[in-house]
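Heads up, the next two complexes both have subunit A, just with different partners, subunit B and then subunit C.
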Partner chain A sequence: MQRILNLACGSFYALGAYTGVSAVTWALGHGLPAPLFLLVLVASGLALAVIGPPVERLLRAVYDRDESFQLLLTFALVLMFEDVMRFVWGTAPVQLGNAYLVYGRLAVAGSTVPVYNLVVIAAGGLVALGMGGLLTHTRFGRIVRATAENREMSAALGVDLRRVYARVFTLGVALGTVGGALVIPATAAVNEMAIDVVVEAFAVVVIGGLGSMRGAFVGSLIVGVLKAGAIATWPEVEMLAIYVVVIGVLVLRPAGLFAGAAP
Partner chain B sequence: MLGVRDLDVFIEASHILRKVTLEVREREVVALVGRNGAGKTTTLRTVMGYRRPTAGAITFRGASIAGLPTHAIAARGIGFSPEDGGVFADLSVAENIEIATWTRPTGRPAAERIALAYEIFPRLRGYGARGGAQLSGGERKMLSIARALALDPDLLVLDEPFEGLSPAVVPVIGEALSAITRLGRGLLIAESNIHHVPAWTNRLYVVERGEIIFAGPLDEAHRDAGVLRVIGGKAS
Partner chain C sequence: MIRRGLALAAAALLALAPLLAPPYQVTLLLPAFAYGIALLGLNLLFGTAGLLSFGHALFVALGAYTAAGLTTRYGVLSFEAIVAAAAGLAAVVAVPVGLLCVRYVKIYFGMLTLAFGMLFYSFLYKFYALTGGDEGLRVLRPLLLGRPFAELDKVGFLTGPFYYYALALLALATLAMRRIVRSPFGLSLRAIRENADKAAFVGVSVRRYRFYAFVIAAVFGAVGGTLLAVPTGLADPLLAYWTHSGNLVFMLLLGGFEHFLGPLVGALAFIFLQDLVMSLTAYWRFVFGALLAIVVVFFPRGLLGLVAPERPA
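Our next item is the complex of A and B:
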């Protein structure tokens, strides 16, 4: 909504993951019952959103500048955050013991799935619903939509753009850090995860259409299914398959599948 | 109430406004008339804080507002309707109007401010749930002015409120503006067509190439040779 391309969103995801590991390890060490680790993950992700306002303050310098400046500045942030993570957590992958299977497994359609995966899927759905509700049914959401559509008009109606930008950005950071925290039981936190997730997220956004919520939803489903399908059948082409689709979309519908929707 | 003195504005390297001076007193209706590109919109946008003047003063109710961010200027009680209306297509008509009551609480209850907006523009009444994108050009203008009024301002700044309207809608807007004046709110209207300037306008400024070339009552403007040369000599 600030019309800024922010690569550093991947870093928030990675920071959320690392912090989640540390927070849960610490909490379990202090006698937290294992099934409650999910709450600790969410709480650590939310707490980490405090880095939102200062980072947003920094990005203000490039709001009205060319995308290349935005990419440069946010890529610099990615590299700096990566070094911070390397410094704090080291270069070896960091993992969360066996929390993953605390909730057990469940037989679904002929195969067994860790219950935690279902919890994460449900959490994703809840977040999507919650964001939709926030945007359509609250004053804050309506002001955000108005500002995304026409910021000058919004300001003339008394909306303090800086405050809205800071809040929206922090909300985005929180989604990233909680998202990163939630994947951590299933996978290890590694230094490169920021870049990996940004690359994937940009594929999602290009397929779905920049600034469209529905596009992001459909795009992420397409990328997710492609990835899983490729890994199951022909792992070598995982990245290739995603980018064949990206290129196809760019050629046939350059603005993405759901272009034109309001941001 | 609003005082603009010796305003100089540059856009890139072009000198757009030169020593523009104008004034709107309490409850006054003031028109800023000029051809397209003469500097009307730039004047209004500078008052609203979208542009920073390089020199000159802008005061509202005795305090300087030059250099303030736009939202702070709105908060002091200046409502704005831009030339394109600036209606939020993604929001409903009701939400478009309500938004101004959330950002600027005043002594008047929100419900009263919203009711007043609909009272001035009854045509919008049935449209509450309709999206901003589903309105005609005239209805968008109405909504834009209704929304500025819902901010509960002392002064409304309207950029070309009659621009592009069908002849049937022009009197509707004219009547609404007159009703707003009767409420005691001041009006600053930019207009390129002198025939659209309401007869009850207190004062008229004519801007040409970024300079004010005339300031005075409407009937005097109709007799001024310089004014007629600039804006439609047909009138007499």
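Our next item is the complex of A and C:
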């Protein structure tokens, strides 16, 4: 939306994951009933969004410059956040005990699925719907879309660009941190998380199309299915397949599969 | 004139370094030379042609793996043959990749090069039988001009014959790049950077020239990669990872992409700063991230931009 390719989005995701572990461990230690840990995860993710405005303030310094410099500044953030996490949580993987199976398992079509996975899937759908609603049905959403379309024009019409950018960026940070917090019961938080996630996010965004919400959603489904499919059939090509698709999309439809279909 | 004198003095100092500096500092110069060559190529794309590649590490890794593959798998130890093979291989790979990438500019060019870099990384990482997977491939000590220097130990070899070999290669690469940048071709690239439409209008074949620049950059990247792999004795997939490409761009920006010698200054400054900061704190990434942020926001012209503000022709 902001026409900024943020390499640091993976760092927000990792930060959300680490904080999620700490928050839940702390809350459980203080006698929180186990099934409520999901709420703690979401809350810790949302709370982390406070880092959004200061980071956005830093990026503002290069809004008017070449995109290459924006890319580099976010790369600088990646390096810094990586060491912040190393400093706070150490280099060993951090894991959340057995919260994963608190909600039990469910037998679906012959295989057992942890209920938590279904919760995450539902949460993903909810967020997608919520974002869609926000962008299409609210005043804020209209302003954001107008600004993305033509920033000079919307500024001329009285939109406070700084506030819009700060809010959009913070919203993006919040989605990243909550997303990171939500995966943590199923996996461990590791130092390399940030830089690994960002290339997947990059693949998703490219496939779906920059600046398209629907594209991002479909893109993530494509990447997820592709990954799972490749792991099941020919594990060597797992990542390879993703990048082949990314390159294919960039070459054939550089604006992404959903160019023009943006809400 | 002063500029040339300074450059010659710096070259003379580097030539005397093994006699003056302790061996450790001299071994630090080797990766700086290697990165210097790779960055000369990167800067032909960014500084001269205005295209920022976020996948230049692909070619550095290609050079390193060429050295590893030839020495361990095929018993080819002649370093001249290795450099030639790496350059040739890089050109072969850069033709299809470049043809696709130069159709785009700006952020799309960056993303496409990043995707190709990661494609190569996942190939190196996953095809264990061919590439050694995450363990990488060993690089054996090469023959320099046909001589094995068997009487020298590792440090003696690296700070002696190999040092001068690398320095000579760097000097050759620098002179070659100077010819390229100052040729009509280099001038056309600068015209394309400033205004591609205008350049096309006066008869410059924009896409073809960008493509040539891409292939030349790839060759320089791979030659740098071969030099990089010998001191460490290992080619590993992280050489192709996107953060490595990011570091390359970081070095270039640190040195100053608007200056011809910016890549060399950037490589030297980066390597020695990294060594210094790493010896002081385990959290050197944080310091470097902060440094990069400061450079990007306040000193986008890099170190040379501080000393020589105007843009030389």
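Of note:
Simple rule for what comes next: the second predicted complex is superposed on the first by the 260 of 263 C-alpha atoms of A that agree within 3 Å, B and C clash if a C-alpha of one lies under 4 Å from a C-alpha of the other, contacts with A are read in each partner's own complex, and residues count from 1 in each chain.
Convention: contacts are C-beta pairs under 8 Å (C-beta built on N, C-alpha and C of every residue); 3 or more make two chains touch, one makes a residue touch a chain.
What you see is a predicted model; the values in this text were computed from it and never measured.
In the superposition on chain A, no contact is made by A:50 with either subunit B or subunit C.
Shared-chain residue A:153: touches subunit B; no touch with subunit C.
When the shared chain is aligned, subunit C comes close enough to touch A:86, but subunit B does not. With both complexes placed on chain A, subunit A has more residues touched by C than by the other of subunit B and subunit C. Contacts of A:145 after superposition on the shared chain: subunit B is touched, whereas subunit C is not.
Contacts of A:246 after superposition on the shared chain: subunit C is touched, whereas subunit B is not. Residue contacts after overlaying the shared chain place A:161 against subunit B, while subunit C stays out of touching range.
Once the two complexes are overlaid on the shared chain, A:225 sits clear of subunit B and of subunit C alike. Residues common to the contacts of subunit A with subunit B and with subunit C across the two structures: none.
By the touch rule above, subunit C contacts subunit A in their complex via residues 46, 52, 54, 100, 103-104, 106-108, 110-112, 114-116, 118-119, 121-123, 125-127, 241-243, 246, 249-250, 253, 282-286, 288-293, 296-297, 300. Per the touch definition, subunit A reaches subunit C in the complex via residues 5, 7, 58, 61-62, 65-69, 71-73, 75-84, 86-87, 195, 199, 202-203, 206, 235-240, 243-244, 246-247, 250-251, 254. Of all residues in subunit B, only 48-50, 69-71, 74-75, 79-80, 82, 86, 88-91, 95, 99-100, 102-104, 147-148, 151 touch subunit A in the complex they form. Contacts from subunit A toward subunit B in the complex involve residues 139, 142-143, 145-146, 148-150, 152-153, 155-162, 262.
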